[in-house]
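Note that the chains take the letters A, B and C in the order they are written out, and that residue 1 is the start of every chain.
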Amino acid sequence: MEAIKLLRKTMLAGVGLGLAFGVAGVSDTAHAAWEPKKPVEFVVMAGKGGGADKLARLIQSIIAKHKFASKPFTPINKPGGSGAEALVYANTAKNPNHTIMVTLNSFYTTPMRQPGINVDISKFAPIARMAEDTFLLWVNKDSGIKDVSSFVAAAKKAGDKWIMAGTGKGQEDQLLTDFLNTAYGLNMKYVPYKGGGRVAKELAGNNANSTVNNPSEQLGFYQAGKTAAIAAFTPARLELFADAPTFKELGKDFVYFMQRSVVGAPGMSKEAESFYRGVFARVYASDEWQSYMQKKSLYGGFLTGKRLMSYWEREKSIHKAMLKKMGEIK
Amino acid sequence: MRRAELVMAIVMGAFSLYLMWKSAELPIGWTKGEGPGGGAWPFWLSAGMLVCCIWIGIRWALRTSPPSRSEDVYMDRRAFRLFALNAGALAVTIGLFHVVGAYFAIPLFLIFYLRFLGGHSWGLTGLFAVLTPIVIFLFFEVALLKSLPKGYTEPLFEPIYAIVF
Amino acid sequence: METLQLLFDGFAVAFLPVNLVLIILGCAVGLFIGAMPGLGSVNGVAILLPVTFLVPPTSAMIFLAAIYYGAMYGGAISSIMLGIPGASTAVATTFDGRPLALQGKADMALVAAATASFVGGTISVILFTAFAPPLAEFALVFGSPEIFALMLLAFATFVGLGGDDIPKTLFSIFIGLVFGAVGLDIVSGQPRLIFGEIIGFMHGINFLVLAIGIYGICEMLWTIESNKGNVMISQATMSFRGLLSALKELIGTWKTMVMGSFLGFFVGILPAAGATPGSLMAYGTAKQLSKDPDTFGEGNVDGVVAPEAANNAASTGAMLPMLTLGIPGSPTTAILLGGIVIWGLEPGPMLFIDQQEFVWGLIASLYAANLVALLLNVAMIPAFIWILKLPFTILAPIIFILCIVGGFVPTLDMHDVWLMLIFGVVGYLMRKLDYPLAPAVLAIVLGPLAEPALRQSILMSGGEVSIFFTRPIASVIMIVALVLLLLPLYPIIKRRLTVKAR
């Protein structure tokens, strides 16, 4: 009973405008109304082992452990074409009521960069925003750099010999690199690697000068004393990295997140949609999820329904402007 | 054998040309300060494939490679029959995965193979045809949560899911 | 001391009941697969890789390593009993194993093979424990230039050891590399080689699809054509007295075993060399060191012991670059490497730092798998002989179904199953014309590692190729690789020169 009370609280706090179907979704009568009839396909927009994949597998195990659903959720990785494969797969799902997808920022950028795949993200069912992942600016401890001003001085001196390692081209890491280059008048060279883990390793092994990893990717090397965070792309300082100031404090008003949202395939029925909202609200409220968010320095509250839709609209236009500035799209 | 050697070299040479053409959709040259473009690696390797095919062709003309000297038939009637039956049965089975799903395609394949190719008794054939899909279902769907394609037979599995989960 | 402590912790992991059961199960499955004609450790690991998603990565890896070990032991069984090597690694074992079996000494040969495998495995596991941590430490500084140089070295060793038909071997390598380039070009962020805009190509061509196509479907089509299921099986009997006299004769071969083990381990460490050249080299060396080299090929026990010790030692050796550098030393470790990635672990130097439980649990399991495989092998030899007598028409369809399901499960995409069938059929047609296919499988694994490394290196240096020769580690590897690549040309040039001189 405690759990249900807590659940209702979270729902009331988080659902907001989506209240109309939200509460109905968790009430027990609605549960009886719609239940998955077979295992639910949980599409992941990235490859196995990446941040999004680990998240999907964590959610899967929380659902299974607490029996939030009668049928298992099974992650399916569709990493192709920076998420294009996953978007097309979900967009044309044969059984939209049993197909959900965990998304990243490529949810906005990939349909813009590859208009050929013909995906309209406003058609997807807004189930839940589970978190926002944070970004920090990292350097190797050996470099002796302790703050942004010495970073800028060193990077200016090195010119295009300064290597910024990141994940794929046109992705989050490069957007951030681009911001740093413009904001501080730098000419850093962007070298793309496959996956944030490899990027982190290149910095630790001194094969790159700086990176903009998520905390979860650099945590190992940070704890081993090999790398250091010198600034955060968040509105306020992060608990785990209290010494790293935000760019806002440094006079550059720039905040950037990686969204971690769950969407339903286009064409999902209202009943199914509210069922999934109920499931993910419970996942969000679970101890496992809350402690994971804390450990990995994740941001962001639970969003669903119209609020999630308007969040996407806002992020979409921000990304459109950024990509235009970079010349990646027209 | 001799003719097959040449045909294979020509087919693979044509395939190399197609790969080269396809790779050239991305830049294949050297970008200053950045190195080779996105299409360079597959383009030049496909070019290498083409060179190998021409080289194989030259060896064919000079009769220096064993297959180009061999007087044997590439595939005699018996070998072709075995090949066509096996590969054909596999293709039909995989095709049936889309229509009737894995759990009907697999028994059909086993019945065909054991009874009609292998000449085994109906009892043994039936045993394998029934047990194999059950073992596969328990193993992949229940234990590993990997759903195999079911095509139009999907609704038949809903009661089974209700029982096992 | 620290290493010993870690190893001790590893034993605690290996002897968890789940893992112990997996070791025994894996060895048994591996022995069976290895003993099947045409199926080796590559097939076993490739087909059973999807099965391991059920358990945590450490247990999954232990299971696959046990299959690998089991299959290395089992490979000798069909080499000796049928004269068909169970895998390419057991080719050298047929040279003397088959004559021994025909002389009615099959039990002798089987016990010799099992014992030699055990010795080879043990020596190499000890070497592994001693050398892995320093190598892992050293590996953190390995950047893209070093990785590319190492990939080149891998190809160099492979080209030098490849088939005798040079254009066909090269063709196979090239086509594997091109297939490896399908999907997304990570440096430019553009999709490429998406044939006919088919969405299934966007995730690239999974190496498993090619591996199962070639080692599963193609191999089966080949076996069906060549043996029609009518393979002669020699009679083997097991008796206690036979076992005793066999052991006595075996003790006399200890020097050969030790030689084979060391040789196998160090060849196995070389990227892409793997167990096959290791076992062939050991056989050759044993013959040259022997007092009566003429008896080799006619049933000399040393001729069974040397390659078997070497191929097992090499299979452990091949795990070292895989775990410390993320580079496969053989096709089987290439598949294991794919597994590590699928389980969400990052192969390479950080594995030793981040995943100590995984790494040392695996090493300790190698010790355990070694012993278990020996015991199972000796105990189950009669059973294997019985299974090999099963009609091929029962085994073949079951293997085919394993291939189809195994091709589907990793990506849950029927596109990959069709692709696998096409690879199998075309591979079969090419194999009939002596195209070697193993290089393509190696290339599809190495290509996606080599190309980004090359381009990242050139990006890092701002367009200078000299980066490969200005960094100390990269330049050493690069020079060794270039020498090995050019070595096969030496006899040709020499011949030309002498012809000209006349």
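Note that contacts are C-beta pairs under 8 Å (C-beta built on N, C-alpha and C of every residue); 3 or more make two chains touch, one makes a residue touch a chain.
Just so we're clear, the structure is a prediction, and the values are computed from it rather than from any experiment.
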By count of C-beta pairs in contact, what is the leading chain pair? B-C
Determine the chain that sits nearest the middle of the structure, using the mean of its CA atoms as its centre. C
CA centroids of chain A and chain C: separation to the nearest Å works out as 39
Roughly how many whole angstrom separate the Cα centroids of chain B and chain C? 22
For chain A versus chain B, what separation do you get between their C-alpha means, in angstrom? 38
Residues of chain B that contact two or more other chains, please. 33, 146-147
Contacts with 2+ other chains: residues of chain A: 160
Return the residues of chain C touching two or more other chains; collapse runs of consecutive numbers into ranges. 187-188, 412, 459, 462
Of all residues in chain B, those that touch chain A in their complex: 33, 141, 145-147, 154, 157-158, 161-162, 165
Residue numbers on chain C that touch chain B, as the complex places them: 50-51, 53-54, 165, 167-168, 170-171, 174-175, 177-178, 181, 185, 187-188, 190, 192-193, 195, 217, 220-221, 224-225, 391, 393-394, 396-398, 400-401, 404-405, 408-409, 412, 414, 417-418, 421, 424-425, 428-430, 432-435, 451, 454-455, 458-459, 462-463
Interfacial residue positions of chain A with respect to chain C in the complex: 48-49, 53-54, 57, 76-82, 84-85, 88-89, 114, 116, 160-161, 163, 168-171, 189, 191-195, 197-198, 201-202, 204-207, 220, 224
Would you mind writing out the residues of chain B in touch with chain C in their complex? 1, 4-5, 8, 12, 19, 22-23, 25-26, 30-39, 41-42, 45-46, 48-49, 52-53, 55-56, 59, 65-67, 74-75, 79, 82-83, 86-87, 90-91, 93-94, 97-98, 102, 106, 109-110, 113-114, 117-120, 124, 128, 132, 136, 139-140, 143-144, 146-149
Which positions of chain A touch chain B when the two form their complex? 37-39, 41, 70-72, 74, 160
